[in-house]
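Common to both upcoming complexes is chain A, partnered first by chain B, then by chain C.
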Partner chain A sequence: MKIKEVIKAKDLNEALLSLDKYRDKSKLIAGGTDIVIDLKHKKVLPEVLIDISDVEELSQIKIEESYVEIGAAVTFTKIEKSKKLDNRLKGLKEASRLVGSPQIRNLGTIGGNICNVSPAADTVPPLLALDSIAVVMSVEGKREVPLQELFLDKGKIDLKENELLHSIKFSKLQKNQALGFSKLGLRKALAISRIATSVCIEIDEDNRCKEIRIGSGALGKYGLREKSTEDFIRDKILDENFIEESARFLKSEIEKRLEGRSSKEFKSEAVMGTFKKAIREAIQLIKA
Partner chain B sequence: MKEINLTVNGKKHRIKIDENMRLIDLLREKLNLLGTKEGCGEGECGACSIIMDGEVVTSCLVMAFQAESADIITIEGLEKEDGTLHPIQQAFLDEGATQCGFCTPGMILSAKALLDKNPRPTRVEIKEGISGNLCRCTGYNKIVDAIEKAAILLEKGGN
Partner chain C sequence: MKKRGKGVGIIFYGTGYGNGFPDISKAEAELQDDGKVAIYVGATEVGQGAKTVMTQIAAEALGLKVEDIIFINEDTMVTPDSGTAAASRQSYNTGNAIKKAAEALKALIVDKAVDKMKLNTNIGLKVENGNVFVKTFPSRKISFKEIAEDYKENPLKVEEEFIAQTTEMDEETGQGAPYWPYTFSACGVEIEVDTETGIVEVIDGVLAQDVGKALNPKLVEGQMEGGFAMGMGYGIFENLNLKKGKMKNNSFTNYIIPTALDMPDIKNVIVEDPESTAPYGAKGIGEPVMIPVAPAILNAIHDAIGVRITETPVTPDKILKALK
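What follows is the complex of A and B.
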């Protein structure tokens, strides 16, 4: 490591100004759980580190009239324990609760999880299923983009040199909507087999699916929406038979995507399990 | 070089650090607190665990400059000034929960962070609380026993 300057930002303004000044010479650090390892292996070689972990404005969970906003520097522990996030958002809390270990959850942030663009970033599938908007900020101001559009490639995020992820926004869930989550493989050592699925559904009294969004992890270069499976499920009655049928449909989609990969067989089989758990959980949350 | 202020085991320090230092380096090299161990250096083993502002974290993943103004507890901060062991330390000894001892400081700090928030955890909660701490020697059962015992000692009015 050859870092020449370190800045612990006291507020958002200082973080933005420092980032604007040092641009590609600098790297942001929040929980450090990804970047400190990258520094050790010289995968990144910044001259300047800008710490945003104590920036108050980035560390808040806000519940507004129609949407929820989670600051980029909010830790997994804070999401898991938050009383502001109600039980219909269980999928997001569950994804946070199942990360690594207490130590990692106390340090790691949702913004770091997103900006590291790992295929196995656990909070990304639920955030995609929530149709989240990323709030991006620089000294020039704020812009909002769908979260999915920030992902360019594995490890590559679509942020300019002077931009940071400010927060994540998504619509509040209504009574007939809920978010479920399921993942396979708890330890980092099993990262290759770490498949995560999150399902956000809206159903009517007859159990008919009015809307569905499925986010998946470890089934592509980064977190993805399973749109053709969503189309297959929308407007159908969600009974057990149809859930099984949907799982087989998703399986065939994954088989197509992973054609030629050694992981194809295992992953396409495993995703049926995580999908069924996640959708059943969401249905249960609505009925509870 | 950069100067930072922080509190370690109740004592305030003003220390010159190298920009490339991690918190574990600061504790071991600048403050000579050798109870904090480095195992994997990648967040996997928990040997470097310390308590920072009330939460247990792996000090190998925190950069030293990030600890500006932080309140830190290391294993050296647990025993009393007269040398009396902390109830969690005593319970580890009594239950034979330490063999080679490499994991013990981190294990005890994870236990402390858990018991500070949840004074009567179930065995499942204890296992979850120490899930970020690897032990190659004990097979964990005696560690869980020790933490259960420590919870009782603490409730009876230890510190």
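What follows is the complex of A and C.
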């Protein structure tokens, strides 16, 4: 099968109508940094490509009264350089900055990163740690769903044939909240995450953890929350000893999850490193 | 925790095919209609700068500008065999053949000049910028172009070859002179090991390379930096991941090589000690530049964490395992 048509959507409406018309015969393209390779390797064989890279509505970062909304076609570069996203969200900016290379970051989008459902997607752990909501649209309307629920399996997203990811929303961070991130890649650029950990915390003056959410990358079929580790940490005082103890708790969780895999020994050990870097960064951001 | 360490690697390397194997380079030099000289060699440019350096050698030998050398290589239909671009041998071997061919053509041109200028002898003649002239009477001269006019149908052309001197080793005793010449190099690095994640970062490096004579120092530095990156990749990144004889890491997605961000700013030290059998003293450095880098890094890792790692690449999983 060959691509018969490429539709350059001028606005959201045209994109949604095209998607509704061609459904499973079509594929969306934004930055193209993944799908172009899949097309070349004939992993996907769409008849129609719907290009959403110039849809204004999908390319904006909006700061509302209580939440932040990032359009699905916003590039990694735009997130990394955005002045609208303050330093407490450093974990998300850092995850964007560490994607691939400048060329990939200039084209690749946050929506693509989510919808490919790669276990190693760099921006997914911070978005999970932010408890993000995915805004999904079709000609029939809009629905909102927790990001985690969109992930069905490696490479599989819970979107209907005529639906697209419109944007991602999360609550604005308060003064005593911040997001940290740490990625373990095998080199400094163009590195696929071996492990990524993002930690969003809220602490009081005594360093007591009021709330914590941990997002993991490359430690499962897709990005995951580490809920039992979060429960272990919540309401405790975050001193160095306890951070070490939490890291060991997370390690035992990962050991259980990766049982039987050759990567178990390394990843369960190294995740302690990425976790400690991410949580320390979040604490520092709050103190700063 | 981040732990720092320093390490040194020192090597010597025999260039050329060696061990008595015939190591032959041929080169042809041909006078063109317009007085320029064409050099024909079967040497391959693989990014190392062979075309530039070999053009320089011919220009130097003929007293011409590099612009007046037409360098023809890689086309096996018109070039003689100059051996492979391997064993760090092209500058030395093919460089020598080019120098010999250029000098032979120059001698031939001088002979023709003696005839044309009706001189008694070739003594006291000088060749410069495409002219042959009497040193004590410079206005008595003739240009390469004027000489070439007589040979339009059948241009003046010479072929020379250079054979490196090596002898086979005695299988019983291991005695012999298997290579000539040898090249020496040394590398020092400072590294940082993240003991939590196992990541090794090379933060500083210095590479000293014996080159005989640097025919083109910038190109030498280019080879040194490239060699450092390759040695570093070999030491800490590159892994074919062979499983039952098949390469699992069969693309640059997972066969990791260093990027510009991984490379430290290295200091290059060019050590010159001209080799008497080499063209203008230059020895081959293509391979030697990468050899001491990985040993230096592994020594530095030992210095940093006190554990001796004996298998490359030293990936984060090996570091964490060693630290346990």
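Going forward, the second predicted complex is superposed on the first by the 279 of 288 C-alpha atoms of A that agree within 3 Å, B and C clash if a C-alpha of one lies under 4 Å from a C-alpha of the other, contacts with A are read in each partner's own complex, and residues count from 1 in each chain.
Please note the rule applied: a residue touches a chain if its C-beta (ideal position, glycine included) is under 8 Å from a C-beta of that chain, and two chains touch if they have at least 3 such contacts.
The structure displayed is predicted, hence computed values, not measured ones.
Chemist: Under the stated touch criterion, which partner chain does A:5 make contact with: chain B (first), chain C (second), both, or neither?
Modeler: After superposing on A, A:5 lies in contact with chain B but is clear of chain C.
Chemist: Return first, second, both or neither, reflecting whether A:204 touches chain B, chain C, both chains, or no partner chain.
Modeler: A:204: touches no partner chain.
Chemist: If you stack the two complexes on chain A, which partner ends up touching A:274: first (chain B), second (chain C), both, or neither?
Modeler: It touches chain C, and chain B stays clear.
Chemist: Once the structures are superposed on A, label A:33 by its partner contacts, choosing first (chain B), second (chain C), both or neither.
Modeler: Once the two structures are laid over each other on A, A:33 reaches chain B alone.
Chemist: Report the partner of chain A that touches more of its residues: chain B or chain C.
Modeler: Per-residue touch count on chain A favours B.
Chemist: Which partner does A:49 contact after superposing on A: first (chain B), second (chain C), both, neither?
Modeler: Touch status of A:49: first partner only.
Chemist: Is A:265 touching anything from chain B or chain C once the two structures are fitted on A? First, second, both or neither.
Modeler: Touch partner of A:265: chain C, not chain B.
Chemist: Determine, under the contact definition given at the top, whether A:184 touches first (chain B), second (chain C), both, or neither.
Modeler: It touches chain C, and chain B stays clear.
Chemist: For A:194, is the partner it touches chain B (first), chain C (second), both, or none of the two (neither)?
Modeler: Touch status of A:194: second partner only.
Chemist: Kindly list the residues of chain A that each of chain B and chain C touches, one partner per complex.
Modeler: Overlap of chain B and chain C footprints on chain A: residues 101, 188-189.
Chemist: If we count contacts the way the header does, which residues on chain C are in touch with chain A in the complex?
Modeler: 194, 196-199, 237, 253-254, 256, 258-262, 315-317, 320-321, 324
Chemist: Touching residues of chain B toward chain A in the complex: what are they?
Modeler: 2, 19-20, 22, 41-44, 46, 49, 55-58, 60-63, 65-66, 68, 110, 113-114, 128-129, 131-133
Chemist: Within the complex, which stretch of chain A touches chain C?
Modeler: Chain A reaches chain C through residues 101, 184, 186-192, 194, 265-266, 269-270, 272-274, 276-277.
Chemist: What part of chain A is in contact with chain B in the complex they form?
Modeler: Going by the criterion above, the answer is residues 1-6, 8, 29, 31-33, 36-37, 40, 49, 51, 53, 77, 100-104, 106-107, 188-189.
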